[in-house]
Amino acid sequence: MDVSLIPQVIANGLMMGMSYVLIASGLTIVLGITRIINFAHGEFYMLGAFCAYYFFQMAGVPYLVTILLAILAVGVLGMGVERVLFRPIREFFLPSVVVALGLAFFLAGTAAWLFGPEEKVVTSPFPGVLNALGATFSVERLVVILIAIVIMGGLWYLITRTKLGRALRGVAQDREAASLQGISVNGMCNISMGIGCGLAGAAGVLLGPIFIVHPYLGALAIFKALIVIILGGIGSMPGAVLGGLLLGFIESFGLTYLGGVTDVLLFAFIFVLILFRPGGLMGRVWVIRH
Amino acid sequence: MLLELKEIKVHYDGLEAVKGISMNVAEGEIVAVLGANGAGKSTILRAIVGLKAPTSGEIWFKGERIDRVAAQSIIRKGIALVPEGRKLFPHMSVHENLQIGAYARKDKDIAKDIEEMYEHFPILRERRSLDAESLSGGEQQMAAIARALMAKPDLLLLDEPTLGLSPLVRAEIPKIVRDINQKRGVSILLVEQNARLALRLASRAYVLETGTISLEGDTETLLSDERIKRVYLAG
Amino acid sequence: MSRRELAKWVGLPLLALLFLAAPFIFNDPYYQHLLILICTWSILALGFLLILSVGQFTIGHAGFMAIGAYASALLTTKVGVSFWFALPLAAVIAAIFGAVMGWVMLRARMGAFLLLTLCFAEVVRLTIVYWPSLLGGRAGFPNIPRPDAIFGMAFDSKFPYYYLILFLLAVMVFVIYRMDRSKFGLTFKSIAQNPPLAQSVGVHLMRYKILAFTVACFFAGAAGSFYAHYLTFLSPEYFTVWKSLIVQMYAIIGGIGFMIAGPIAGAAFLVVLPELLRATETFSFILYGAVFILVIFFIPGGLLSLPQQVGVWRQALRRRAKIPGGIRPWQYLRPGS
């Protein structure tokens, strides 16, 4: 075991973890409020990554503006999708799985058709490295961690401290009681999809320059996001944060020191976890939904 | 009349749970609905607040027809329901539950009104930052009533407020209900299985049996009715 | 003759004849390959629907197919067993896994069960990926022998493969038919639609669930074994969760109200459709996505419910009513059950 790698491994784990947190928290908000497993969530992330390519790389829009644009564009698209496709079948489990999966296929295929199936490279907005603690860190990754923390902070404020956040949580916890208070369940489902997809879009812009951008990016992203919310507890915001960071660190440490077996052990662990604690690691500490 | 139901019928999957009933509540009145389990009491309240659309009949409130109004708009018309089983938001604090009760209001007095609720129900102030699910049954009932009052309704619907409470706590409910009616001028439609308690509070009552009204009238008349005495007040 | 009898005595034999004659009608190796795929995926889709009929939603069925496939590949290459022993053995191995995992997982509610099956399938797939010395790893498992000749039939064209997989499919259909016809049938339906009620009338929920799960896994294993020796090569990429999900779409698009015909019709439709339209890979994605969404919105009971659905539309038109939702067999399935 090479101890000198540890700072590097921690930074990597934090970077991966925060990006998982961004993607998974969007998925968990939508799941908690609309009760739909949005299998197309990864495709919204993919669209965010293409925003990075077209706005930032091709059109030269400043990086931070690109993030805002992506949140807006992908979020609005998500709201449209919710209104047209999800609302009519929201109460039914089986159709919601089929429609969400169909949407994932449709968006991935359409992106491949419009943008071309080849991989695209986005140049780093913050090239350069930082030497500290006897290790090298890329500035870009540190910036990603920082921006992700800012976004999650904003989300936390919105959900826990505002009237809108209370209404969202109300719908997640008890739809009937929420509508009796005058909260529009349809409206909140729509907004949750906007927020969730906006987060996916932001994650896409942040990670686009670090990884490669291509239309079939979504499958892996949704898969990781699912693992995160299973780990943390379905529909739980703190769970998504804990699960995301945990997954980031497990992967970072595991791949460095154990190799591929990490993945097998991870799934075996999650299997046992679901058996004995179906609520995930956070157990009953839910914010979004019981 | 403040609230008027005309020939209301409600079906669940073809099963008729409420079979064409008419009832009304006047301004400032406390009206009770009595009936055994499964008689259709909750169903009537759910029809009034728009959670379950009636299959036929009309519901009028303040001269406006409301039987096709969505649940989320009912509270803005001035009707608040304290549902059976309280239905507080389990993972929100008591304080947040009160805040969310005022969701439909546009004015700026919300903080002041929450303060007033705490004056009225001191136990809620003590529990203000606890999750609603951790409260006892009686505390939850008070929180649910306070949440409903935060909307400043003209009509309060109470669905079995004494259900599952200990006798000691149950005894406090009549005073609370009467206070709401007299000090705030809120009209009340009270659904109860506990006929003795309900008849003590209300000025009029309807007795519901498997979806139809079998008896109605002033509480004095009902209290002296032989059948009521035998079936609902025995023991 | 009533319509029912007509369907039974004329329709069914005709259909059987069609299946038997199919490789002669489409006498081209590529079309025959598609026919073989349709039968293979039908077996998996039928298994999915069998599990769904006891009220559980699996998204990891390909994992059991992988177990059958790799077990069979190991038995023939490392142990030296003939394919004709390896196939039933592989099916039994998959069934044993199914019974044990079913015993463990089926206690979970639908939502958790779905995740458990996902994890199980991933453990299987990742074990293959990270055990290259035995299972070939990412690079794949090469040189799996073709089946030995049987009844004088050598496996050197698509014909014997097609009849073999058709035979497996027919056996599975027969088993499901018998289960559906026996007192199981009603029981299954009541378990899926109203678990508390089924429990209260004394149905041993768990026994039926495990039985359905084990049968589904047995045939998934058999199909896996067939698949291994048909392709003579295996890769863990054949058995991803996405594969499971797509196969299950076959059953849903065909119609979950049609216990046997639905999955087969769905598999046939979705395998053939991109070929008919000569779709590229990209276009197939768009096509599948559009079909999934359109079917749920306009023929919610699945393709086979189209005649009934047309009836519903016509009635609505005649009464000038709003077009109703239509036939929705899934409305009783709730994730909480």
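All chains are identified by letter, namely A, B and C, in their written order; residue positions are counted from 1 within each chain.
The working rule: a contact is a pair of C-beta atoms (placed from the backbone, for glycine too) under 8 Å apart; a residue touches a chain by one contact, two chains touch by 3 or more.
As the structure is a prediction and not an experimental result, all values here were calculated from the model.
**Student:** Determine the shape of the graph in which chains are vertices and touching pairs are edges (line, ring, star, complete, other).
**Tutor:** line
**Student:** What are the two chains with the most C-beta pairs touching?
**Tutor:** A-C
**Student:** Which chain has its C-alpha centroid at the greatest distance from the C-alpha centroid of chain A?
**Tutor:** With centres defined by C-alpha atoms, farthest from chain A sits B.
**Student:** Per the centroid of Cα atoms for each chain, what is the distance between chain A and chain C, given in Å?
**Tutor:** Taking the average C-alpha coordinate of chain A and of chain C, the gap between them is 32 Å.
**Student:** Could you please state the distance in Å, as a whole number, between where the Cα atoms of chain A are centred and where those of chain B are centred?
**Tutor:** 42
**Student:** Please work out the Cα centroid separation of chain B and chain C, and write it as a whole number of Å.
**Tutor:** Once rounded, the distance between the two centres reads 52 Å.
**Student:** Could you pull out which chain A residues touch chain C in their complex?
**Tutor:** Spelled out, the residues of chain A in touch with chain C are 35, 39, 85, 88-89, 92-95, 97-99, 101-110, 112-113, 117, 219, 223, 226, 230, 234, 259-261, 263-264, 267-268, 270-271, 274-275, 278.
**Student:** Residue numbers of chain B touching chain A in their complex, please.
**Tutor:** 49, 51, 70-76, 80-81, 83, 87-92, 96, 99-101, 103-104, 147, 151
**Student:** Mind listing the chain C positions that touch chain A in their complex?
**Tutor:** Its residues touching chain A are 57, 104-105, 108-112, 115-116, 118-120, 122-123, 126-127, 129-130, 241-242, 245, 249, 252-253, 256, 282-293, 295-297, 300, 328, 330-331, 333-335.
**Student:** Across the complex, what residues on chain A touch chain B?
**Tutor:** 163, 166-167, 169-170, 173-174, 176-185, 286-287, 289-290
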